[in-house]
Amino acid sequence: MRDIQNEFDPRKTPLQKVGVKGVRYPVTVLDKNERFQQTTAVADLYVNLPHNFKGTHMSRFIETFHKYHEDLTMKRFLEMLEEIREKLSAEKAFGCITFPYFMEKKAPVSGSSGIMEYNCSYEAEVSLAECGQADPESLAAGKGSEASPSAAGDTGPSVTRKFYISIEVPVTTLCPCSKAISEYGAHNQRGTVKVKLLYSEFFWIEDIIAMIEGCASSPLYSVLKRRDEKYVTEHAYENPRFVEDVVREVYIGLKKLGFAWFSVECTNYESIHFHNAYAYAEYNGN
Amino acid sequence: MRDIQNEFDPRKTPLQKVGVKGVRYPVTVLDKNERFQQTTAVADLYVNLPHNFKGTHMSRFIETFHKYHEDLTMKRFLEMLEEIREKLSAEKAFGCITFPYFMEKKAPVSGSSGIMEYNCSYEAEVSLAECGQADPESLAAGKGSEASPSAAGDTGPSVTRKFYISIEVPVTTLCPCSKAISEYGAHNQRGTVKVKLLYSEFFWIEDIIAMIEGCASSPLYSVLKRRDEKYVTEHAYENPRFVEDVVREVYIGLKKLGFAWFSVECTNYESIHFHNAYAYAEYNGN
Amino acid sequence: MRDIQNEFDPRKTPLQKVGVKGVRYPVTVLDKNERFQQTTAVADLYVNLPHNFKGTHMSRFIETFHKYHEDLTMKRFLEMLEEIREKLSAEKAFGCITFPYFMEKKAPVSGSSGIMEYNCSYEAEVSLAECGQADPESLAAGKGSEASPSAAGDTGPSVTRKFYISIEVPVTTLCPCSKAISEYGAHNQRGTVKVKLLYSEFFWIEDIIAMIEGCASSPLYSVLKRRDEKYVTEHAYENPRFVEDVVREVYIGLKKLGFAWFSVECTNYESIHFHNAYAYAEYNGN
Amino acid sequence: MRDIQNEFDPRKTPLQKVGVKGVRYPVTVLDKNERFQQTTAVADLYVNLPHNFKGTHMSRFIETFHKYHEDLTMKRFLEMLEEIREKLSAEKAFGCITFPYFMEKKAPVSGSSGIMEYNCSYEAEVSLAECGQADPESLAAGKGSEASPSAAGDTGPSVTRKFYISIEVPVTTLCPCSKAISEYGAHNQRGTVKVKLLYSEFFWIEDIIAMIEGCASSPLYSVLKRRDEKYVTEHAYENPRFVEDVVREVYIGLKKLGFAWFSVECTNYESIHFHNAYAYAEYNGN
């Protein structure tokens, strides 16, 4: 049977990315309290395509993902990409999976239990670097980019990896300006903080979420009894935060944790406007 | 050329609706202040299909919509459906278009001008009623359903029409419970009120929007200077509203306006939860 | 602490539905092959609110859902609604959860395994019916509506239940008209079939999905090797289907299975248009 | 009245972007055939915030956008950003508006007229560059980045601008592999081509769309009569294209047109899978 994808392409146009997008799958990820968590993901998986090939073989992406989906730790995710890269004879493989991550959370006064959802994603790239040829982009990325240790006598090509984790945390923000200028009350609203972190050493998503929630006017909760609602309302009023404040506090928190590269953004679904307020900051070692 | 759609279908299975969905088009609708407003719409257009036909002719829906899109008053929308019904030799035609409707709005103290968007839709049905045979469903719907006036000597079949208008109004709601139990502050958030109205006599969308905005803790604005923000913050604090309150106030307002059938719903994007609060009421003449 | 929700409301306006919307939670549902499946859901939970109460107590919905989320069979879902109804002293409770349901599926020739996602929902209503007072709406719904068995001597009120299951199945459809009039080829596309079924006796979601996939030009697959792609391409070309055909075939299939009420719709993401083709049919016992 | 935003911030954390997001507005853009087109947009507008300021003044973004919305040519869009930058005393301003762009299109054989929608966006950045200090990023961007002409004797700071236009074009793609290996038929589907172009000299969106549509298996149409459907079906079968092919053909077309930087991506909503096929390429002058 003819293999058109494998045929020669004369157009001299390499493609940075080809692959599959929007693959919906159940996945199992690590969980600090329960060891494992079963959740549902959407995956995008790509490789680069050299100019001389007509197409890629899309089914191989799914076959490899299928092998790994029941144990998708960060480490396994990189192994999966490396396997995809090899199976498709490519120099680079890219992958992104997005999934809701669930955590039980107790109300601040009553202790009532409910579950909160945090959207997370893993995004990674593995690249073949020719021996003796440094990849300038990966060097620039600092700590998070590590060449695989080449043991003495290893004559094979080395592989460069980058791994990012994104976490979205819904929060309450109460406007400092509204509080300062009004006789009583202050507009407040749901907001979303999103961080993207270059991975270098293991951390728990749970710890990042707790730090971020501490930077807002208040965390959100799944269940709040009346005494909790009183606490949360007053706590938010005592801790007014602009989107600018939330981003700066999270930025300082992530810097302390030693990430070599990260970005932070906060979007407020303004209670007094039909548009959103937004702030963004990025850290790259300087 | 063979016309498969027109062929006989032996499965004895009539279809309530067949047609086109998600048709994106520029449209022109009425505007109280500017006379006409050019906006963009998504349309769904259907007819019923008797059991003996294999399929409908999808292109005729678009051809007819194309003829009408530059002047889509409520009256013209019904004429369009009637034309679709006839062209497709059907007993019923259904149509729904959804479009953002824009209104200029001044800030409450500074008078600064900005534009607000309100999502609206027209939804209608025209049905052929056999002479001497009343359509029980259309009678039940009361005032909004009107048989076309059959002039003396008119021997043709009469047509029954129903026309609904939906309007979505974003608002601020401030929680009465949170205000009552807290020393200071009160959680508030953006909410959306959606009404669906059975049309019987002409009204302006603008007037319904103004009534709805008056039922919330505060309207939303596009531009607010600091003195406006102070006013809006204090005004919301003085007018706490649950979703239940907003729905009841709008319900009472619509009943006064004489609509024979309507529904009201309010969804609050709770600032202290990651889920929404919701209330719904429906009026059908009792 | 003041309980505002519990206070008297003078507006004489009962609300059909009040509650929480968009609650995101992990859930465990039944699985034909694996016994249980852990997936992720979005839930809407409501009760009716009599005119004399100012508001409902939103936290009780989440507390009850939290108790049940780890074992959400159809039976337990109804028990949960009954508990919500009682806890909120309401006459009616309503619930809808939507979740992706995953099934392993083998390619038709190579037998390669992949996972397919089907969006499903449970939607139900439990109502308190006064003794000796039949609920006309529930009677009309036929088999799917069952009064709770009142044992001899049971003096309590009886409860009426309705339970619907919706299943979305993505399929391939190939246009019979395009095939008939063209020298070669035929436009085809991804479509979605959605059925909503009134539940009366236990069935497996898996069996409904298999029946629906058999009504389209071809099922979709997660992994297809080249020999599978040849098979699927030729199979679809041999089985052209309009949206009208798919809906009629599924309708006939569901009627045979004995459902007392159901609806079927099919939406085609037309490959030659930027809008969709659509058909809908409903069965209510006649 | 206290101006908190203007107060000193001690956290030494500058923010790359602060502003408003999701602003929905009617806008007027250029149209090749009709001179002007009224459509609806969603806008994001930002400036950078130096570390020493606590916040930005969100209302000024909307006030400036309001002034410009009725005449948003590419040139005016840059002038608007420059005004936002100055009003907020920032070094940089960023803006992105996304809008559906409508074009009338005739069916290929019958000539029947319908309207097609293409999602477009303008994305731009204006930066203050200190005199004698080149902005390395803007130099790298080549032709599209132009310092404002500094007249002799002009002692003021120069401004650097970047302007990108994105256009999304829905197309039909027919799979070359499926055609080659099957006895008859070939799977085909709707796909979306998205290009992002660094602007240097004026062009018409219409011309780019026509070029892109010529690179797919077939353009999409709003209205197709049966003889058009025959033509389109056969034309697509004669012009099979992978996502890889579409991206390469568009890449070659854009390179010929002389753009200094661009990206092309194609996403296929595969008719035989529940996931999408994807390809991406980027050109930066090499």
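Chains: A, B, C and D, in written order; residue numbering restarts at 1 for each.
Rule of thumb we're sticking to: contacts are C-beta pairs under 8 Å (C-beta built on N, C-alpha and C of every residue); 3 or more make two chains touch, one makes a residue touch a chain.
Predicted, not measured: the structure shown is a model, and the values here were computed from it.
Student: Specify, for the interface formed by the sequence copies chain C and chain D, whether it is same or different in terms of residue numbers shared by both sides, with half as the dividing line.
Tutor: same
Student: Among the chains here, which has the CA centroid at the largest distance from chain B's centroid?
Tutor: Relative to chain B, the chain whose C-alpha centre sits farthest away is A.
Student: Which integer distance in Å separates the CA centroid of chain C from that of chain D?
Tutor: Comparing mean C-alpha positions, chain D is 39 Å from chain C.
Student: Can you work out the whole-Å distance between the CA centroids of chain B and chain C?
Tutor: Centres of chain B and chain C (C-alpha means) sit 25 Å apart.
Student: Which chain D residues touch at least two other chains?
Tutor: 1, 23-24, 62, 117, 177, 181, 222, 224, 226, 230, 274-275, in rising order.
Student: Of all residues in chain B, which touch chain D in the complex?
Tutor: 1, 3, 23-26, 37-40, 59, 62-63, 66, 69, 100, 102, 112-115, 117, 222-227, 230
Student: Mind listing the chain A positions that touch chain B in their complex?
Tutor: Counting only chain A, the residues touching chain B are 116-117, 170, 172, 174-175, 177-178, 181-190, 218, 220-222, 224, 226, 229-230, 232-234, 236-237, 269-275.
Student: What part of chain B is in contact with chain C in the complex they form?
Tutor: 1-2, 4-5, 9, 11, 13-24, 44, 46, 49, 54-56, 58, 62, 176-177, 180-181, 242-245, 247-248, 251-252, 267, 274-282
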